[in-house]
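So that you can tell them apart, the chains are marked A, B, C and D in the order they are listed, and the count of residues begins at 1 in each.
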Amino acid sequence: MQEIEKKEHKPLIVAFCCNWCSYAGADLAGSSRLSYPANVKIIRVPCSCRVNPIFILKAFQRGADGVILCGCHPGDCHYSTGNFHTRRRMGILFSLLNYFGIEKERTRIEWVSAAEGQKFSLVMNDFAKTICSLGENRRLEDLRCKKN
Amino acid sequence: MVNKNELENINRISGTDVKKCMKCGKCSGRCPAFTEMDIKPHQFVSYLAQGKLDKLLNSKAIWNCLSCMACVERCPRGVAPANVIEAVRDTVARMQGKDGISANDIPPIVEELLPQQLLVSAFRKYKK
Amino acid sequence: MQRIGVFICHCGTNIAATVDVERVTEAVKKEPYVVFAQNYQYMCSENGQQLIKTAIRENKLTGVVVCSCSPRMHEATFRKTAEEAGLNPYLVEIANIREQCSWIHKDIEEATEKAIVLARTAIAKLTLNKPLIAGETGVTKRALIIGGGIAGIQAALDIADAGYEVDIVEKRPTIGGRMAQLDKTFPTLDCAACILTPKMVDCAQNEKINMFTYSEIEEVKGFVGNFKVKIRKKARYVDEKKCTGCGVCMANCPSKKGLNEFNMDLNNRPAIYIPFAQAIPNVAVIDPEQCLKLKTGKCGLCQMKCGAGAIDYTQKDEIVEREYGAIVVATGFRPIKLDNFNEYGYADNKDVITSLELERLMNAAGPTKGTLLRPSDLTHPKVITFIQCVGSRDVSGCGKPYCSKICCMYTAKHAMLIREKYPDTEVHVFYIDVRTPGKNYDEFYRRAVEQYNVDYIKGMVGKVYNENGKLMVQGSNLLDNEQITIPSDLVVLATAIEPDPSVRDIATKLTISIDTNNFLTEAHAKLKPVECATAGVFLAGVCQGPKDVPETVSQASAAASKVIGLLAKDKLKGNPCVSHCDENTCIGCSQCEQVCPYGAITYEEKEFRIGGGKTEKRRVACVNPAVCQGCGACTVTCPSGAMDIHGFSFEQINKEIEAICKR
Amino acid sequence: MQEKLESLMQELALKKIASGEVDRVLAWKKGESYFDVSPAIFKESFDGFTYNAFCGANLSKFLVEETKKEGKVLVFLKPCDTYSFNQLLSEHRINREKVYVVGIECQGKLDINKVYAKGIDGILDIEETDSELKIKTIYGDKTVKKDEVFSVKCETCKSKKLVVFDEKIVLNEMKDNKEKRFDIVEKLESMTEEERFAFWQAELSKCIRCNACRNVCPACTCTNCVFDNNKSGIAGKANADSFEEKLYHIIRAFHVAGRCTDCGECSRVCPQGIPLHLINRKIIKDMNTNYGEYQAGETVTPLNPIVDFKKDDVEANTVVGGKK
């Protein structure tokens, strides 16, 4: 029994949330007690456009199985244009990762406003489910960073 | 007692969430068969939400419902009373068990000119 | 050598019930540089903060991590605490173990594990925090109010009363907004004009208040204390300074077929018009879509008749640039369009009207001069049926999912007023629920039932159809389990309200958050109901959520007090978490300048030593920290990695990722 | 023909130096053999000055350092090099006033390794005609058709247009070959994720982190590269793990996204023969399809698709175009 538990892979999901909308949306999900899996860990950034592609690769390197980026809805960015830049950059990056054979479901971008606690929870549940079904990230892993 | 299976079945077949009902009564407000029905459309939703299975199964109204879907169309909460009625009707029909006929026997006895009620309502239900 | 202290808050049982705080305390003690860890019931309390201060002093802490609620809640509190104990406030990090942990997880094991990871992440980030000193900026002592309804008027008067200049920008030709269209107001039934118009006049007379009517916001730049706003003054074709509001032009205008917006299109107005008698400013405006002179070049009657010589057909839109320290958004609402509700027959029957139309029909300045006559044949309706929740609480996609809040009360008001004025009229109200929270509100509704004999029917209307000139209202009476049909003369729909559509554009220009229903999002649902997440922008009235007049006025005054508090400051502390450029790495490629939304980046040729006693001139980026808002767009665009941002540095985020992913 | 072009170039260079208009020339110099060609500065002596089918090197990047020095430099740029030149101008990396640009004809450059691959070895000398290489080897004379040994970057030439020059030397019509530009990218896209992964895993595992691709890239002109910067957390050259190479090449490609002119130098210099240009080309293709056609270096502009945006851009999740 214990062995089975040991083998069962618990996926790790890193969520980058912009301070003004999505992080607030996550807080709203919290205060509304809308649950999502504990393996979703949030990193607060001022704006989705702060997320450097290196961060995403770094997360995968260190053992993340999925990376999701959340920002204000296009047009509603606290900094006016940040998420427009994010949208292009990440479009290019995600496509490139997929070009390298990384499952496209492992990376996602979602727009969650400060008022969308429910959406945040739904998105995270859905993403966690997707990542669970994909299993462990093996195509962008760095064995040096994984202890087993 | 309340038969959980049957209730779940009705819920499942109806495909609607009766908890969303805000008890406005718009379904009954528009129902053209209202006067003929012993249980009114809004009551179907209410009874299902409360788990009053007996009332549902013994209703005669399931045979009066025209499946015109006006209640579904009007409901501001996205609840579909007609679907609930249909689900009850369906459940009752299935419970008749031995009285029923096997699928293979149906084609020869179908009157070609008369579409079957369940079939028709199915078309309506899935028309979108 | 760093010395980090970690403080874990129980938040009563909010955290402690799902997170084993003792275990977290023990776990964080094992993290590098952590020399002190303690948990306490309420870290944000006086005692809790004292505890942090004492620990900072006694343990000579170089950094503090507080594991508590969201940083959006108490980051500022704990930063202040640290500062009071002599620690730079930016050496504080918050691990959000409430909103993002204890509140969403049920399993203690799982939540505790997560809390430890979150604490570890905050500690890891903190090891790279640097003391930051916030810069200061001045404050322009003037406020902008967008929207000249009761919310905008009240806010303007309050701010002006404190001695600050206020500009009101109103897109319509007059201030007054929706309240000016109302006949009476609940729960006291005093006439809207009687209480509103004096305030409008006050606005006009107050020398601190400056009104831009028939104007729109063109562009907003800058930040709290220093907004730079372009206002488009639309061409009125009438010189505001010369027009005396005598109305001769209106009487002479030959193009009289314009729909009167003020009367909800129930009657007509000329192409040149003053919206209503008490309009402020009491100045005419020409509708360019309707004016013969502007459309065909032939007419010019009003110019000839105008004694003041105020008419100017050549007027053009004018852009005014003004600076403000604070902005109040009060853009108001409109009733929703009823296209999705064919069952009520609004489009097909003239005598099916909305409540706001009824308001005009009952108003002395309205199309029927205050006599209630039904629009189709101008007869007195004998049976009037009200339908509540038309388009409200509708999740089917046809209407709005929220409760419009004001309809129950105004329907009761209408029913009462009609029964009062025309006692021979039969009044029915179809309701789903009657919602009357508010001082003297339920009493008001009960008076309608008990004193005025209004027939309240629990149920909803399924269809309204015309049968031989009678409006047949078919609906359910749920309490009697009946289906009833009421032959009526007039049907009034308590139509849902929605934010004025202009708000989307305003939200984009101000970069403030807007929800799926187009209501503006306040900074905190309970504790910051008038603030926006964007500093210096405040909300008043229905643009934030459905509200009645008393509530709107309260919120407007609240917003005003926030504005006054802001304008009273001489200096504002800036956000030190802004971009900076490593000039040794920067290659001056100009990519960052392209993505900066604030124009905070410029380039300079600077002299650098390159060894051997030589220097070289290089083009490098320079960030103006007063203008930079710290979004970080430049940091990712920079190919060389020269751009970084304080507080969210490349290394810090990398360290966070490492800590989170450590298994 | 080849000689004529070469002598015209040398003539012009000498003339410009003699007139004092420029004080040095950036061109190619022949080494030990015909195909051993490398960029060089000529000042007094023009010994070894050459221009032949193996002059693939893009000279534009050298101008970043050259224009910091005193005096004006004359440079010969092939059509695709002129795009890089423009792009560098856009980034303020070159002082335009210190360069005299001579645009020159290019009929596609060759890869000596492809010649070797044809089993031709022991090369003594090569003679060029318009379409062929006549190769003298210790085993006798061989002939190779030029279009069979095109350098990877010239197999699909995006443009033969000289987008910037002060003067040009073009004797014959030049033809591009851009129809096939994205063929291989498309082929890769049509593979399954697993196949693509296998493809890149195989290719990138050859990487030895020699940094040649970075060093030659005209878009990589940072003086302090992130891969050399300890603070970046991605510095280091270990090829200990397959992740390391992927990280390197993804970041490298992303850093030049929007600025890459698709000159193909990365693939040309890769000692391991990794088709690195396919990574950049994928980005270009994605940007073209989703954000509108754009060719970096076509004009001097600070805007490129990665710093620009439209309010109605497609959602990032839908840009991913590859097969599942």
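Quick note on the criterion: a residue touches a chain if its C-beta (ideal position, glycine included) is under 8 Å from a C-beta of that chain, and two chains touch if they have at least 3 such contacts.
These figures come from a predicted structure and were not determined experimentally.
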| item | value |
| --- | --- |
| Most distant chain from chain A, judged by the mean position of its C-alpha atoms | B |
| Cα-centroid distance, chain C relative to chain D, in whole angstrom | 54 |
| Geometric centre distance via CA averages, chain D-chain B, whole Å | 71 |
| Inter-centroid spacing, chain C versus chain B (mean Cα positions, whole Å) | 45 |
| Rounded Å distance, chain A centre to chain C centre (Cα mean) | 30 |
| Interface hub residues of chain D, defined as touching at least two other chains | 226, 232-233, 306-308 |
| Chain C: positions in contact with at least two other chains | 595, 637, 650, 654 |
| Touch relationships between chains, expressed as pairs | A-C, A-D, B-C, C-D |
| Contact footprint of chain C on chain B as seen in their complex | 20, 22-31, 34-35, 40, 42-43, 70, 74-78 |
| Chain D residues touching chain C - in the complex, by the definition given at the top | 68, 90-93, 219-226, 229, 231-233, 255-256, 259, 302-303, 306-308 |
| Residues of chain A touching chain C in the complex | 12, 14, 19-21, 23-24, 26-31, 33-36, 38, 41-47, 49-55, 58-59, 62-64, 72, 75-82, 85, 89, 113-116, 121, 145-147 |
| Chain D partner contacts - residues on chain A that touch it in the complex | 53-54, 57-58, 60-61, 74-75, 81, 84-104, 108-109, 139-144 |
| Footprint of chain A on chain C - complex, ascending | 70-73, 96, 98-101, 103-107, 110-111, 113-114, 117-118, 121, 507-508, 511-516, 519, 521, 525, 533-534, 577, 595, 597, 629-633, 635-637, 645, 647-648, 650, 653-654, 656-658, 660-663 |
